[in-house]
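In what follows, subunit A forms one complex with subunit B and a second complex with subunit C.
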Partner chain A sequence: MTAAQLQALPLQDAPPTWTRRLRGFGAVLPALVFVLLLFVVPVLALLLRSITEPTLGLGNYAAFFAGTTYLKVLGNTFLVASLVTGASLVIGFPTAWFLAIAPRRLAGLLAGIVVLSMWTNLLARTYAWMVLLQGTGLINRALLGLGLISAPLTLTNNLIGVTLGMTYIMLPFMVLPLTSAMRTIDPSVLQAASLCGATRWQCLTRILLPMLSGPIASGALMIFVMSLGYFVTPALLGGTANMMLPELIAQLVQSLLDWGLASTAATILLVLTLILYSLQVRFFGTRSTA
Partner chain B sequence: MRSPSSPPSDHPFLAIQGIRRSYGSVVAVEAVTLDVARGEFVTFLGPSGSGKSTTLYVIAGFQEPNSGDVLIEGRSILNTPSNKRNIGMVFQRYTLFPQMTIAENIGFPLKVRRRSRADIDARVKVMLRLVQLEAYADRKPAQLSGGQQQRVALARALAYEPPLLLMDEPLSALDKSLRDELQHEIKRVHHETGVTILYVTHDQEEALHLSDRIALFRQGRIEQLGTGRDLYDAPASRFVAGFIGHSNFMPCRIDRERGAVDGAILLDDGTPVSGVSLAAMPAQCERGVLMVRPDAIRLHNPDSAPAGAILGTIDEASFRGEAMQYSVATAWGESLTVRTPCGGTGRARVGERVALAWQPEQAQIFPN
Partner chain C sequence: MLLTYSRLGGLRFVLCGIGLTVGLFLLLPILVLVALSFGDSQWMQFPPPGWTLRWYADLFDDPDWIFAFLTSLRIAAWVTVLSVALGLVTSFGLVRSRFPGRETVRALFLMPMILPVVVLAVALYALFLRLQLNGTELGFVLAHLLLALPLSIISISGALERFDPSIEDAAVLCGASPMEAKIRVTLPAIMPGIATAALFSFLASWDEVVVAIFMASPDIQTLPVRIWGVLRQDLSPVVAAVSTLLVALTAVLMLLSAALKKKDVRA
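For the complex of A and B:
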């Protein structure tokens, strides 16, 4: 090979020029226009409203952070999202583990039940919980009948109801990805840890959890973010005392016609979500393949 | 017999007593009994499904036997959970903990034993030197080749100085040259540490190269136990003869009426075979197979052949470096393999008529 050829070689591997890149652009253009018109523009318009209505400036943000009312709603939103995420993890992890190690037919059946619940109408599922949890509902009557309680427990229109109902809805988003991640783990890794002297607890905390930290973090983030913006279940199962941000936004728009403050609340929710997402990418994003 | 008062030195280091393990109607291990001395290197050799890995997993504590016992220095370990057995193990697949560095992997068994930081660091250094991977202490397992990962797995399994090391086909995922290299490594580590090793493989060369003794498994039982030499020179059955080294098998029948002692052997073409002991044959058995190793057979000119030689025609001749290998077609239709050292007598050509003969003590007869 001549020196000239050698010099010419790297050019062939060089990244394509701008014109070449743009050529492939044409195919995605319709989709991009669609997203731009129907997603990016409305979101920007919404965000703009928070600083333009009723007057130009940061007045809406000042109002949001001034009183305790809105901050309490924000705090409550985070509380519920945290509880739901935590509960999903605590219930979802062992469930996923069982699905991962169960015989194939049983695992398929159980995974089918999980998926089927996900496909059932959201309202139907939430009303089902209301029926179960109400004062004369199945749970209270069973507990009364067993003599475990003397008066019905208040299970709806409060934190318990929201957490129960939402955890049930969010659970598949933890169970399904965790199950598939767990299936990729070679059981002999855990057998090796056991022979090394690790107890079951040490196998879980020092081997299994670190190996699954990526899928756990992404599942938890997804549930947390979805919970922050959830409307139906909190509206039906939650009480006025623990209102969540989406309910507040609905009220501001429907009852008070305060688009400016509603946009402010929506913007704050969006910013917080983006912060959480960037944290997840920063700490778990590149390692999730490991 | 065992008694609580006798000192532990009376017991074999490891005693496997009548282990049986079945999965539903499938019997993985039928009955395995074996004593292993301290510091010995014993290989479980056999085809897949012969029960060798299951036996190893029973010793490791991942499988419970239906019956039988495993004793270390006279004490049963079956009621001890895996993590308290103080046994090392290297697996067929790579089992390093992906999120830990190489040093952390090797230090893990010491960490769960709550050894001091300084102790762990010192021991990890020693183990890294033992497997010659000092430079890789801070790498992650994914940055190492398969051979390097298995060396780390070996170091991790030996870090806590277990008296017994189990190895379940540790080299089967590696390519040929790496396998040879790691065999040497394992042998060296065995000499340097004096650890007792139970090694599972289906590769007879690996077994012959590494082991003090080989337990040849077949259908959940140990078919024969002995040194590689024992198994090669005096196979206990047709199966052993076929599994270890190359063998020629010739169908034959036993004529109880003829012969000096208790019968004569006749090959299917009518050639009588003399001098082979019939001790291994059950008294009623009329059919058998005669086994001769390819390198025990000598080629002769048909005109000057010794009495009792078999006639045949050279089918194929191939040069194998240190030896010539011939395939010789016989009168009853089967081909026999013959290996002759290259330095010896002249070569035979394809198509040539030859006579085959062997020393009587180099042939063995097995029931068919």
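For the complex of A and C:
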């Protein structure tokens, strides 16, 4: 082949020409049109309704922040998200630690359980907790049987139920990334520290925890953001007294047909999510939530 | 030391205890589901007083459940096919070319994954009210495709980035047309990524409930919508039977995914 013939071949590492750039954009175009029409336009239209319905202006936002009803929902959303994040952190850290260093077969078994629970249908998991936590459920009967309580506790339709059910769902999102982060730490770093006279407590608080502060904060932030937007589990395990923002939005649309206020609540949820997500990207880089 | 299991001393037993407790905590609901689905207590007594297949019989005798199952399956199948096809073309565009604004476009494609689903559901509901797409299978497919597409793009463009394009060039140098080289060289090499995309796309639609609640009408319901509807009324043991079947399906898909991962690493 001559040099001219080689040049004419459509190779990948040839310098990008205008036609190749256009072809690349053409390949992206169908999906782009799809996402613009079914995502960007409807979401922007929804956000717009918060200032146009029923009349132009910020009336909906004034109404949202004026009474205690909606502020209570907002506060409750933050409360549940914080509790779930805290619980996932406290339970997730030692679990990830164990997973990272346990003998292979034991760790493999536990990791399998974590992944199975994560992949099980969300409604199936929530349903199982509804059954477990009901007045005559396994948890209450076990506590009664052990003599720890004298009458069944109310565990569903309140904060306990929703926190427990959501922590169950969020825990894998803390355990799995934290485990892989811990596996990348060289154990000899800790050996060096103890040779230099550090106690175990110092090894933990001065070396291990600081080395893991990135993944811990990133996992916590991700769980917090995901919890803010969760709908199914709070609706089934939390009850109306503990309503969260997503359920409020659904009710405003489906039962009250108040699109203006629903869009306002949706905008607030969206802005909160985007702020927290951009913090995540800024400080910890992108990571898929899948 | 702290990261060496055999040298942890007493702490080892503490960690081991926590690990096993968490394992039990994660496994308990799944075990309960399976036990309840075979238990003969209408009131979800646990452990069940006796065993029965009654709830499975009820499930398979109820045309509503069968219909919901088939609807879910049909919608998820469409979503899988469309999501993989669209994801494949888009990934080639994103990975192999340098058009201006490429990073913005890539970020835009991933956005539907970040947004709270309920916001997306309400926005689509409003749009579909206008287009009269609520309560149609087309509406379900379009809405679920939006949620599946980011997963598909991530899996396929990931596989494509790991594949060295000069191998495709070698095929072209040997006389293949660019299209032929893509189909016969690149496509088989990124197959594990495509299969992962298909798996995630299927699950994104199959398990999806929030958008589906808004799209559903009395005439058309997916399986999750039907479960949701039943759960809002009472804790029927039939739901345990459905859930057990879903757990079994999950376990199968998990094994499949593990096999794919192994293959992807080897490739």
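Assume the second predicted complex is superposed on the first by the 250 of 290 C-alpha atoms of A that agree within 3 Å, B and C clash if a C-alpha of one lies under 4 Å from a C-alpha of the other, contacts with A are read in each partner's own complex, and residues count from 1 in each chain.
Basically, a contact is a pair of C-beta atoms (placed from the backbone, for glycine too) under 8 Å apart; a residue touches a chain by one contact, two chains touch by 3 or more.
All values reported here derive from a predicted model rather than from experimental measurement.
Visitor: For A:81 in the superposed arrangement: first (subunit B), second (subunit C), both or neither?
Guide: After superposing on A, A:81 lies clear of both subunit B and subunit C.
Visitor: With both structures fitted on chain A, tell me whether subunit B or subunit C touches more of subunit A's residues.
Guide: When the residues of subunit A touched by each partner are counted, C comes out ahead.
Visitor: By the touch definition at the top of the document, which applies to A:194: first (subunit B), second (subunit C), both, or neither?
Guide: It touches subunit B and subunit C both.
Visitor: After superposition on the shared chain, which partner residues are touched by A:162: those of subunit B (first), subunit C (second), both, or neither?
Guide: Once the two structures are laid over each other on A, A:162 reaches no partner at all.
Visitor: First (subunit B), second (subunit C), both or neither: which does A:268 touch?
Guide: A:268 contacts neither subunit B nor subunit C.
Visitor: Could you tell me which stretches of subunit A are touched by subunit B in one complex and by subunit C in the other?
Guide: Comparing the two interfaces on subunit A, one with subunit B and one with subunit C, the shared residues are 191, 194, 290.
Visitor: Can you list the residues on subunit A that touch subunit B in the complex?
Guide: The touching residues are 186, 188-189, 191-199, 202, 206-207, 210-211, 213, 290.
Visitor: Flag every residue of subunit B that touches subunit A in the complex, lowest number first.
Guide: That would be residues 60-62, 81-89, 91-99, 108-109, 112-113, 142, 153, 156-157, 160 of subunit B.
Visitor: Under the stated contact criterion, what part of subunit C meets subunit A in this complex?
Guide: Touch list, subunit C to subunit A: 1-5, 8, 11, 14-16, 18-20, 22-23, 25-30, 32-33, 36, 43-46, 86-87, 89-90, 92-94, 96-100, 102, 105, 108-127, 142-143, 145-146, 149-151, 153-154, 165-166, 168-169, 172-173, 178, 200, 203, 207, 209-210, 213-214, 224, 227-228, 231-232, 235, 239-240, 242-243, 246-247, 250-251, 253-254.
Visitor: Any idea which subunit A residues touch subunit C in the complex?
Guide: Going through subunit A, the ones touching subunit C are 9-13, 16, 20-32, 34-35, 38-43, 45-46, 49, 91, 94-95, 97-103, 106, 109-110, 113-117, 119-132, 134, 136-138, 141, 168, 171, 175, 182, 185, 187, 190-191, 194, 200, 203-204, 208, 228-229, 231-232, 236, 246, 249-250, 253-254, 259, 262-263, 266, 269-270, 273-274, 277, 288-290.
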